[in-house]
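Letters are used for the chains, namely A, B, C and D, taken in the order the chains are written, and counting of residues starts over at 1 for each.
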């Protein structure tokens, strides 16, 4: 059977307690790094070797990202943990925060050490009230144990960690918007370049990592990058948390190696489609990823393979839809989310998402025009690639994929002014 | 100096220049809304997208800096960029109300301009526009807000954040419900609030003062210099003399700042901006003489003759000590030079000064507005109209007048009553046989004067001001003087001729030429050299005169 | 004394007739042109609601002209400017002095010749007066001190000279035939008959002469198609500066000359007051005789003259409302290269025929 | 330069015959009409204007009017398009604030100087609010002074005391 790296403690009682964590070998990696003579460069090297790629969605190699931080000591450096997990369909970080927060804390300490940060912020999604409490408690435990604070384990290295709760904006999951939010401003993404690694929080070099990414660090240090890289296919080190939701019999978070096929994931692990229905579509990487049809579920779930068929692995949130789903309604629901969450800073996303939602709502109300699907495609084309941050693309890609792959459903709606799949295909409020 | 290629044209620009600015130098327009050279880059409107070789995505011209060998195609050459810009413009317009007929911005509106150039013309928008809360509401004493017209370019927000640092305006809410408003019930009240109207590319922020006064296409413009303080902000006078039924026949409709890197950049203060009504209101229109209590209109010829006679008699009977002249730093260098030439050099009068006791309540505001509310104080000084050195001789002149030692007191554009109070000036006027007031507007001093002469106001004048930093700047006339008013120098020439001195000048430039030849501080300066951006007199020269 | 009274009466009668005809012509000018053009014409001037087909319009015209501002250009020659219209009217009116409008009328023993003055050089007199009339126009043009007016005056002068020659040469044919310059004698001579029954009218004796005289006559009156001195669409002409009644006098001159021309045509070519076969004592035709009271005969003759004049007036108006204006070079070419040679030819043939 | 010096005598005679023909024909008919005969034959094209009126073409541009909102206020928002396009410069608008912020702007004064107007209809064409029309059917607006030729907003709005539109004639042809 597959080795469980991140989820091995989850079923234990009091898995969030430091005792439980330390009993399973927790904080040994930290000890190894701080007292075992690891230099920050060596840590980065080990992480590079592990082929660990960012788990937030973009999949950028973590070691490489850390190495971008300038060595220049004139400015403070910051480590920021992005726990603003808001993508619809994604709930993996929440499990780490709630069930094994110390794995994250150990990871962030090692990461901060590697980039030379003296301060670390954990930016937790506002709605994650309970997880935030758990992490807060875990931080207190770590301070008590001397893993945080001044002169960690006598190494001379000091680190302060602050937990900050967001106010509920999806956009603050975007790293520069998150930094703005941290600085106390409106969560508007920044223009890039400059990238945060050079000009980040308070204009200082900043590394922003996803919760799951950092949770992998202790394991990499303890068991070696080589071992970690071997867990997955080439260039995709380690296992990965997939959040399966939708019309499957057993939705939930699954730790699976990268490269497993979507079919295996759905039928072998999640117990197949509920009520024996036929699968219709799958969104493989969070609601912003282009949708896949039932014919495409033999794809291997790693960044390259998914990208090859025009979608993306993203945050590993797999949403499964069966034959009873009206794709127009599904798209309207997704679009509503992005229209609601668009920050309003740049024109295409601000105006385009709202317009697309209005059109989709109109189609659902039976007032669609034959050329509305074409308009949707044209509008998404005017958003995609034109915006400051990826939210524009996130809103545009589902529209593009839904309308092109399920065009007949949209046309049916527009021509017949009703739905032929769901008898009560209501308009999302 | 990176060398870049824009639309097949090569140009070398300084490092750090963005693509919009580089293209501008080549005369290529990159459409934009949120970018303003005086503000930080926001990159929000997405109108300035250009195609850059070796970059897969379109880049914004505002935030992309020129780097060596960059090959850029603007919408004129790139179909991809053009389609993108058209798409962005379409999105900008979908929620914009169609109220151009009532919008003051119409005619100088970025949306209208770009729509005509790059618009799709056929609307695909079938759905209702987003309604916002504030339609035509006041944002402050000078600025009107219409949230629906706003395209959220954030220029105004950045202006109050970066230039005035007052942070009154913010963008609230999210997505297509975003709107601009003032923060926490504050009001947009700072001395530079009018500038947000200038930088607003659409009709979201309009000028309350200009509201519904005149459609902008009726306006003509003329370059001038603000006479409000010694900064001498470069301005444009927007006036309407073609359709006189508009705005009650007022000629000047508004003032706008004119870019001058060395003086005011893109900005001007509200105090200067809204001071224009004096150009058309309460003007002295004809020469008049005070008979008993009332003033009676008279001919220019009679007025000049009367002055000349009085001066000649006073000089003959009582000598030059019997004449006092109070000049004004509101006058141009040309006017002041002639005052000096006529009264000091030719007639030998010593009691000539232009200085008033400083107004203690006026302060520099660390940006544009200066405590000295006169545009040409340094000019008057450099011309040499401070004969008693550092000491201000105005009170002495007035004292002499009140003591009956003056036969003629000639006051230029200075409201003595405002400075010294009504009673002393009335008393003084009663003791001088002839008090002449030559100025632009009626005031209490003109009421007390025995002879009132109408002078042209700055908008009607050709001439130069010297600002506090020694920059000689040229103001051009927007229109002819009102009614019978004449530029001060012409009045002085007529007076000089009536006194038998051959003062003849073709125009203001001829006077300035003589001034430049005779006054070392102005040596080498010509109107052509001043141009539209002014001529800075070297600092050492200015200092040597100020301290001398 | 009686002679003077009778002469005064004749003058009054002629002026009465001329002015009334003038009045009618003013009305006719409007009405005839309207009828020709399928219109109704001026009909709105009314007296107490009575419109009378527009007959009151000439009155309205007169009132308007008299009430209008009498404008005079500052640079005009005051005296000449004022005198010019009077000259024009005067010379056109005095032409009527020698026109015989009837034979004789015997009343209470007095035999009255129905002609104001029977000059033996009557024809020359008319031409003389017509020639003098041009002074009115030239002086009007000159005195206005306006280039366009002056141009109009000069055009009038040159046009008069050009066509007067033709006119004179044409009439010479008749003079040769009738052997007299007296208009009355000419009319008398037209009371004879060819072959005993065809009236010996000038038009039959001189058909070409009639045509040439008609054309030259129209040119003399300066009316369309020879209205170059006016030329409303180009220069407006010698009266451009005139207004009010002074302008009205020029207008009157136009119409008086039309009447004079009609009278001349009648007198010279259409038997004047002659009614074929009507003699002093009644109708004579072959063996037929019908005695009529001589007074009635005189009346009939005067009426016949009037009718003929009226018919010519009608014809002149018809021409005026039908033809477009000539170009100036065409006018001159027509006068000098076409009409003058033809009139000389006419004279030569007539002379030859008479000689033979 | 070649000039045609020929006198078209034939054409002159033809022309005279034509006009004389009309004269006699119409005289005959006019006289017959006087006695109430041959009324079906038309002798002239003239309409006896004040007594006898022709129906107007619906496209005819007649005196202007300003259209109103339901509450009787002008639809005009004083955008000055008409004033701007007017080739005769005969429209004089003074704008002011409207109490309703959704209308925002209204004319305080709206004068048209009919003595200057050339009736080109550009103002109607250019109006974005359908606020000005030239469909009143009023063609008679002679006045004794220049001042009376200026139509004020009240007159243009066809308020009380204003000349009534001659709509009957407009409709006949519409």
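As a convention for this text, contacts are C-beta pairs under 8 Å (C-beta built on N, C-alpha and C of every residue); 3 or more make two chains touch, one makes a residue touch a chain.
The structure presented is a predicted model; accordingly, all values stated were derived computationally and were not measured.
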item	value
Chain ID, smallest distance between chain and overall C-alpha centroids	B
Two chains joined by the most C-beta pairs in contact, as defined above	A-B
Where subunit A and subunit B are represented by their mean Cα positions, the distance between them in whole Å	56
Cα-centroid distance, subunit A relative to subunit C, in whole angstrom	114
Inter-chain centre distance, subunit C versus subunit D - centres from mean C-alpha coordinates, in Å	44
Separation of subunit B from subunit C, taking each centre as the mean of its C-alpha atoms, in whole Å	79
Residue numbers of subunit A (touch at least two other chains)	none
Chain-level touch network, classified as line, ring, star, complete or other	line
Touch relationships between chains, expressed as pairs	A-B, B-D, C-D
Residue ranges of subunit D in contact with subunit C within the complex	3-5, 7, 12, 15-16, 18-20, 22-23, 26-27, 30, 43-46, 48
Footprint of subunit B on subunit A - complex, ascending	169, 186, 191, 339-348, 350-355, 358-359, 362, 369, 375, 378-379, 381-383, 385-388
Sites on subunit D touched by subunit B in the complex	77-81, 83-84, 89, 92, 94-97, 101-105, 109, 128-129
Subunit C to subunit D touching residues, read off their complex	32, 34-40, 318-319, 321-323, 329-330, 333-334, 337-338
Subunit B residues touching subunit A - in the complex, by the definition given at the top	41-47, 49, 57-58, 60, 63, 84, 87-88, 90-92, 94-95, 124-128, 130, 151-152, 154, 170-171, 173-178
